[in-house]
Every structure is written in structure tokens, then in C-alpha cells.
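Common to both upcoming complexes is chain A, partnered first by chain B, then by chain C.
Here is the complex of A and B:
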């Protein structure tokens, strides 16, 4: 178990910057997800921490000790790969034993099968066996130990890859999109299992994913990375309800957040889609802004009394809830509103309805920088 | 059921029609000549004579009792035993080294592959000059170092080994290219996993990842090399003509001599049948065990 500290990491591949001055603190025993679109640098950061890639600038500390000069094998972290990276020629047992043998047997004992019969190596092998069997039982793969990876299903291989990481008792687990190769149903199951595993082991988990739902459901904290920079780090509810950047707001949450371009004057009146109306918030700024709100933070009302009126362009029935897509004149993207089944069941495509905004829940972003402009009330709750 | 099988039969007919040109060529160019050869091996036919008589298994009997046949079998086997491990090992080594080179990779690849692309008869003549006992480059170097020269092809002890050295030179580049293709197919993740698991040295990486993952490639390369080595002919024909004392007499050269110098067509045909059986056996091993390439993930 250990904390991981990443300071000012920069990395470029053939002149193309991938990471720019990234700093992160992963606490001991924490489950932290690195989430972002593909190509944002999150996997590169993970590989730098593992030692598989060398940073151009900055340093990595694991357990309070700088590991910049250490080879991957000496950093004492375990990695789970998207492809699982199991050795295809070895049985499940030998796959799980590989890191143990690699780390605690001598070159001679590892290299020659017969040397494993010597008393010293045999004692170690007996230890390995206990460790592997206990781990296999925990993961529910004890029946598969003699199989080859090719004879396993995707989910089973995934467990073996986890097992190979667990047997070592590493200081931290680094996981690079470990669920991406599983089908959707299995992904949900394994997601819960990995969370349970984290609670059980109490170890530091650093988890890379492009799937915000995975990050939201599993993590203690989420770091959103885009274009090589950490935009925000926080608990799932923080990054969801209190995003610091418009890109974070857009990335986190499904269905996506609604964004409307507008302008605010000094007295708290906003112009949205060419119509002026009272926002009833102390404005954080004046000028051009982006106003965003979650699908459940706004409602629909009668078209006659509303300031913003649109037509229903699409209805998505999720069973428990229904998503209403509202086309607003002047806005390119439709606004999505989440309504309960009872109220939404009577809505029809093409209906003209009003949009009712809750000004307290509006998130205001600077139009050019995309940075959050908090209203005084929001600043209070955030701090 | 009947409709389905009728459709299947029609499909099979169309398949047969489409494959017929290839089947025809195969029969004309491969099957018939092989059968003809097998037929000739049972006769006493000599090129130029008007008569042809059935000889039964006489040719095979002669062959069995001919010390020169056994010598050429022995020479071919020894040549193969040297060339296969030599060129497979060097090919793998060269592939590994070139993989590690950055921008020089294309140059090395071409340089090593050149022997495969060149006319081997011409190359054999160049080698003959290089290995000339008095003016050849190799001996000039030895002389310059104050060492005695080697009579590469004049000495029964060294002739076959000299021939094997040329064989290794010829096949290494080809094997290297095959190994490079095999290396390129190894998932990088496995090396990463090996590194994180504590594999530190190049030997660890080779033992845990490269060698096991190259298993099917190595097998294939070894079989191909073996078939090519058994077919050794050019050096024996151009440089040594089987001399000295039959030390470089190899199977294909014996066939050539029997058929086109002594015109013993029947006897040469028997030799060819033996040769075909040997190569067919090697190919069978490949077909039986080489197909089981394991899924790499």
C-alpha cells in the first residue's frame, strides 16, 4: 500500500505534446480514476507511473520515494492491461506464478525448470502455491488453474489478469481500461467486483478509462484529463454537480449536459436565444457566457406561460424515466429534459412546450476559456 | 432436407468447375510427372536407347547396395544438420538485433535478404573465388595474420563444412525476414507485462515472451529451411562436382549426375522417388504439427 505523487509530468511523442505539467496526488488506499476521451494522455500517464514510458520532465513518487530511476519491475506496482496480456503459452497457474517467480527466484532458479526442484526453490514454490490458490479462490477461478488463456472466456481472462496482479501484493494497482474488451452485461458485473476487490484489499487503485460511467460508479475520486492536462480532480458528485470547466461538464454525465449560449448584463438579466429574461441570480460576470444545466435540473411547462418555447423532437423511454428532446429555435443541439414516467407519458412528438429553468442550478461558464464562473451562492457551497 | 442437399450438391459442382483449371494444371505439372518418375524407376530405361524393359525393384536394390548413394544420403543429412540450426539460429539472432536498431533497420533488412534475391549459381561462383586456396580473400586474410591457409574445397574434411557455410549464408537472410514478421506480431503488451512483473534483462524478455511467442514461427522456419537444405545442389554442381572423394556428393547432385551424365534414367528416377519421400515426410510433419498455432491472446 502506498500513495502516489506525480509532479509536473510532461511528455511529448515526436514533438507532439501528450501531457503538459500534470500533477496528481493519489492517496494511500484510494481508488482514483483517470478519465478522458481517447488520446488525452491518460494511458501515457499510467505508463509513466508504471515505468513503461519515460517522462520528459517531472517526477513520480510511490510511497514517498522517488522512482524516476527505477525500472518497472522495481517500482512494485502491478498493472492490468486492456488486452489482459496473459502469457498464451502458460497455464493460468503459471501466469499467476510468473510475477512471483520473476521477483523472488534467482535467475538460475527461474531459467531452468529442474532448478525448481532444489529445496530452497521448492519452499518458495510451496509459498507461491498457497498464495495463488487463495487468490484464485477469492476470484472464483480455482477450477481454471490448469487451463491455457485461449481456453478461457473474456471475463475469465480478465479475472486471471487481476489475479496475476493481486498475488504479488503490490504497493498499487494500475489498471488500463481493464473492462473495455468485455461485453456490456459482463462489464457491469466486473465493475462491481473490482469495487468490492478494492474495498477488500484496501490497496491504492489507479484506474484509466474513457467511460465516464465506469469512473463515476467505481471511484473515490476522478481526475478528468483532456488534451494532456488535468481539468479537475474530485469526488464523483463534485465533478458532476460542480464542474470547474465546461469540458468537464460536457464529458461527465449521461445524458449529456445542456449548454446554451447567452449573455448576462450587470443586473442579473440574461439573454438566451435572443430572448431576455430574469435569471434571478447574482451574476458572476457580465458578457458572453455559456449556460449549462443537467437534464434533471430543468422542467417542462405550458407553452403559453414560458419564456423559452420549443417543440419535442424526440422521446427516449428509459423505463423509469423518459428523456424529452426539445428543439429550441436558435439552438443547434436539442435540449434534453429528464421527466418521470407519469408526467412524460402524455407528451407527443411535435408538441409545443415551454422550458422552465431553475436559476439556482444553472452553471455559468466563461465563453472563451470555458472556465466556471461561480455565483456567490455556489462559491459558498463549494467551499 | 432434400432441397438443402440438392443446393449443396449444386454448390459443390460449381466449386469443382471453378477449381478445375487449377486441378488440371496440378495434375499435368505435378501429379503426372511424379507418377511418370515412379514408373521410370521400375524400368532399366537409359536416355537415347530404343528399348525399355521392366526392371521391378532392381533399381532400388542397386541403390540400397551402392556405397555412393549412402554417402550422398549421409552428406545431405550432415549438411542439413549443420545448415538448419545454423541459419535458423543466425536468422533469429539477426532479426532480434535488427529489431533493436532504429533507422538502420531497412538497410540491414535489405543487406541480409540480398542472398535470397540473387541468382545462387552466380553467388556460388563468387564464393568459389572467395574460398580459392591461393588467391581467395579468406586465405589472404589468414596469410596476412600469419596463419596457414585452408584448402576449403580441396580437403575432404572441410569441403562439406565449406558448403554448409555457404548454405547458412544463403538461408539466414530468408529466415531473418520470416522471424522479423513473427516478431512484429508479438503484442507489445506482453513485454510491458513482463517488465512490470519484474523481468529486467533481455534474457527474461526473451525467455518469457519472445521465444514462446515465436514458437510457431520457429517451427515453420525450421521446416522450410530443412526442405531447402535437403535440396542443396548449386554449390556441388558449380564448385565441387562432388569432389573430393565424394565428400560433397549430395542427393540432388547424384540424381543430376545419374540422369544427365550417365543417362541412367531408371536409376535416377529411383533416386528421385527416395528424395521425394524424404521431402514429403518433412512436409507432413509441418502439416501435422505446424497448423496448431495458438491464439495469441
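Here is the complex of A and C:
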């Protein structure tokens, strides 16, 4: 178990910057997800921490000790790869035994099968066997120990890869999109299993994914990375309800957040889609802004009394809730509103309805930088 | 439907006929060699073509091969020399190919290009320098002079590199995290997947060096050190200028180990060849 500290990491591949001055603090025993669109540099960061890639600038500390000069094998972190990366010619048992043997047998004992029959090596092998069998039982793969990886299903290989990481009790687990090769149903199961595993082991987990739902459901904290920079780090509810950047707000949450371009003046009046609008917020600034709100933070009302009126362009029935897509004149993207089944069941495509905004829940972002402009009330709750 | 089936039968028959014609062309000299080795001298030079021997001279011919020459010694030399060459070639080619395929280093492209270029250089080009070197070192007429020029095989490095390239990089990285050293990764993780390629290469190399006459002729004059083909040359010069039955018997004896080895490893060999991309 150990904390991981990443300071000012930069990395470029053939002149193309992938990471720019990334700093991160992963606490001992924490489950931290690195999430972002593909190509944002999150996997590169993980590989730099593991030592598989060398940073151009910056340093990595594991357990309070700088590991910049250490080879991957000496950093004592385990990695679970997207493709599982099992040794194809070894049985499941030998796959799981490999890290143990590499760490505690001598070169001679490893290189020659017969040397494993010597008493010292045999005692160690018995230890390994206990460890491997206990781990296999925990993961539900004890019946597969003699199989080769090619004879296993995707989910089974995934478990073997986890097992190979667990048996050696590393300082931290690094996981690089471990679920993306599984089908949707299995993914939910394994997701819950990895969360349970984290609670059980109490180890530091660093988890890379492009799936914001995975990050939201599993993590203690989430770091959102885009274009090689960490935009925000925080608990799932923080990044969801209190995003610091418009890109974070857009990336986190499904269905996506609604964004409307507008302008506010000093007195709290806003102009949205060409219509003057009374907003009960003391604006942090004035000028052009982006106003965003979650689909459950706004409602629909009668078209006659509303300031913003649109037509229903699409209805998505999720069973428990219904998503209403509202086309507003002047806005390219439709606004999505989540409504309960009872109220939404009577709505029809093409209906003209009004949009009712809750000014307390509006998130205001600077139009050019995309940075959040917190209203005084929001600053209070955030701090 | 019927038309298509008929045409596919015709295509299949044609293909087989072409392949069989090729096989016959390849095998006829072998067959002729073996039949000749069974004929007595007077029958070999008789006019007219007859395929099967009328009188059996096989026992006498094969008897002469083993009584007049140290044939067993030649075979042993062949096994020692070819075995040493193949083992050393693999010992050197595996780490080299692994480094070229999986370890990025400055100048890797240049090294690989040099290896490709050296594929184009036949042994005849450096043979004078090699001969002078071995002569100066007093190593002529030794196993060392027969083996050492061949232990670095550009072909083996090239072939294995192509195989190793296909090996998933993530598995190599997982091994690094599991504290495998680079040599251990090459031998214990990556190599097992390239076994068919190693088998195919071993057969190629074995055949080439077993049949090689040029280089043994350069560095060996002592019959004690002769490899099988060189032994046959000595045999022809000294004992049997025109005893073709005995010569063919000798040729049959020296090609027999290869044919037996190929038949035994046929499956691996074909798999190794067809898996090269």
C-alpha cells in the first residue's frame, strides 16, 4: 500500500505534446479514476507511473520515494491491461505464479525446472500455491488453474489478470481500461467485483477509463483529463454537481448536460437565445457566457406562460424516467429534460411546451475560457 | 449448381496435376540416385533405359561405402558441425531479434538495414579473409573453422524478428512489471510462441550446412575432419573414380539422415513456414 504523487509530468511523442505539467496526488488506499476521451493522455500517465514510458519532465513518487530512476519491475506496482496480457504459453496457475517466482526465487531456481525440486525452492513453491489458491478462490477461478489463456472466456481472462496482480501484494494497482473488452452485461458484474476487491484489499487503485459511468460508480475521486491536462479532481458528486470547467460538465453525466449560449448584465438579467430573461442570480461577471443545467435541474411548463418555448423533437423512454428532447429556436442542440413517467406520458412529438429554468441550479461558464463562474451562493456551498 | 461443381472438380484436378508434375520433377533425380546405388557397375553403363536393376549390386555398393571410407566419421562430423552451427545461430539470433523487435534504441533501423544487406552477401565474398584468419590462428582442419563463420545468421535474426514483432507488446510490458529481465522475456516469454519458426529455421540451416561443400573444401584437407559431402568428394578422388554405384550409395547414405529428420518433423516444419508473414 502506498500513496502516489505525480508532479509536473510532461510528455511528448515526436513533438506532439500528450501530457502538460500534470500533477496528481493519489492517497494511500484510494480508488482514483483517470477519465477522459481517448487520446487525452490518461493511459500515457498510467504507463509513466508504471515505468513503461519515460516522462520528458517531472517526477513520480510511490510511497513517498522517487522512482524516476527505477525500472518497472522495481516500482512494485501491478498493472492490469486492456488486453489482459496473460502469458499465452503458461497455464493460469503459472501465470499467477510468475510474479511470485520472479520476485522470490533465484535466477537458478527460476531457470531450471529441476531446481524447483530442491527443498528451499519447494518450501517457497508451497507458499506460492497457498497464495495462488486463496486468490483463485476469491476470484472464482480455482477450477481453471490448469487451463491455458486461449481456453478461457474474456471474463475469465480478466479475472486471471486481476489474480496475477493480486497475488504479489503490490503497492498499487494500475488498471488500463480493464473492462472495455467485455460485453455490457459482464462489464457491470466485473465493475461491482473490482469495487468490492478494492474495499477488501484496501489498496491504492488507479483506474483509467474513457467511460464516465465507470468512473462515477467506482471511484473515491475522479480526475478528468483532457488534452493532456487535469481539468478537475474531486469526488464523483463534486465533479457532477460542481464542475470547474465546461468540458468537465459536458463529459460527466448521461444524458449530457444542456448548454445554452447567452449574455448577462450586471443586474442579473440574462439574454438567452435572443430573449430577455429574469435570472435570480448575482452574476459573477457580465458579458457572454455559457449557461448549463442538468436534465433533471429544469422542467417543462405550459407554453403560454414560459419565456422560452420549444417543440418536442424526440422522446426517449427509459422505463423509470422519460427524456424529452426539446428543440429551441436559435439553439443547435436540443435541450434534454428528464421527467417522471407520470408527467411525461401525455407528451407527444411536436407539442409546443415551455422551458422552466431553476436559476439556483444554473451553472455559468466563461464563454472563451470555459472556466466556471460561480455565483456568490455557489461559492459559499462549494467552500 | 452442377456446372459449378464440375468446374471446381476440374480446377482441383488441374491443380493436383501441376503439383504432381512438380513433385515428379523434384523426386526423379533422388529416385535415380537410389536405383543407381542398387545396380552393379556393368549395368549402370549399359545402353538403353531400364529403370529397375536386373541384378542387385546394392550390398556390394553400400559395403564399399562403409569399408573403404570412414563414412561413420563423416556422418558424426556432419552432426557435430551442423548441430553446433544451428544451436549457436539460435543462441545469438534470439536475443538479437528480440532487441530489434521489442526494445527501442538509437540506431535500431540502421542495424536492421545492415542485417538485411548482409543477407545479400554470400559466403564466397568474405571467404578469402576468413581462410587467412583461420590459417593464421592455426584453426584449419578443425570444427571451429567449420562452425564459426556461420554462427551469426542474418536470416535467423530477420525471420525471428518478424515473428517477435507480432508478439503483443502488452505481454512484454506485463513481464517487465512482473520483474522479468529482458533476456528472460526473450527466452521464456516471447520465444515459446515462435517455436514453429525456430523449427523451420533449424531445418533450413541444417540442410544448408549438411549439404555445404564449398566451405569445408576451403578449410578442411584432413579426411578425419571431413563433413559428409566432402567425404564423398574424397571417396571419389581416392577410391572410385568411376564407380558410380558406390558413389550413389554414398550420396544416399549422406542424404538419408536429412530425409528421416524431415519426415519426423514434417508437421512442425510446414507450420513454421506457413506462419511466416
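Basically, the second predicted complex is superposed on the first by the 383 of 383 C-alpha atoms of A that agree within 3 Å, B and C clash if a C-alpha of one lies under 4 Å from a C-alpha of the other, contacts with A are read in each partner's own complex, and residues count from 1 in each chain.
Here, a contact is a pair of C-beta atoms (placed from the backbone, for glycine too) under 8 Å apart; a residue touches a chain by one contact, two chains touch by 3 or more.
Just so we're clear, the structure is a prediction, and the values are computed from it rather than from any experiment.
After superposition on chain A, the partners chain B and chain C collide with one another.
In the superposition on chain A, A:86 contacts both chain B and chain C.
Contact with neither chain B nor chain C is seen for A:13 once the two complexes are overlaid on the shared chain. In the superposed pair of complexes, A:150 makes contact with chain B only, with no contact to chain C. In the overlay built on the shared chain, the residue A:78 is in contact with chain B and with chain C. With both complexes placed on chain A, chain A has more residues touched by B than by the other of chain B and chain C. With the contact threshold set out at the top, residues 50-52, 71-74, 77-79, 81-83, 85-89, 98-99, 102-103, 110, 164, 168 of chain A are in contact with chain B in one structure and with chain C in the other.
Chain contact summary for the complex, chain A toward chain C: residues 50-52, 71-75, 77-79, 81-83, 85-89, 98-99, 102-103, 110, 164, 168. Interface residues of chain B facing chain A in the complex, by the touch rule stated above, are 187, 189-190, 192-201, 203-204, 207-209, 212-213, 215, 294-297. Those residues of chain A whose C-beta lies close enough to touch chain B in the complex are 47, 50-52, 71-74, 77-79, 81-90, 98-99, 102-103, 107, 110-111, 148-150, 157, 164, 168.
Residues 168, 170-171, 173-180, 184, 189, 192-193 of chain C are the ones that touch chain A when the two sit in their complex.
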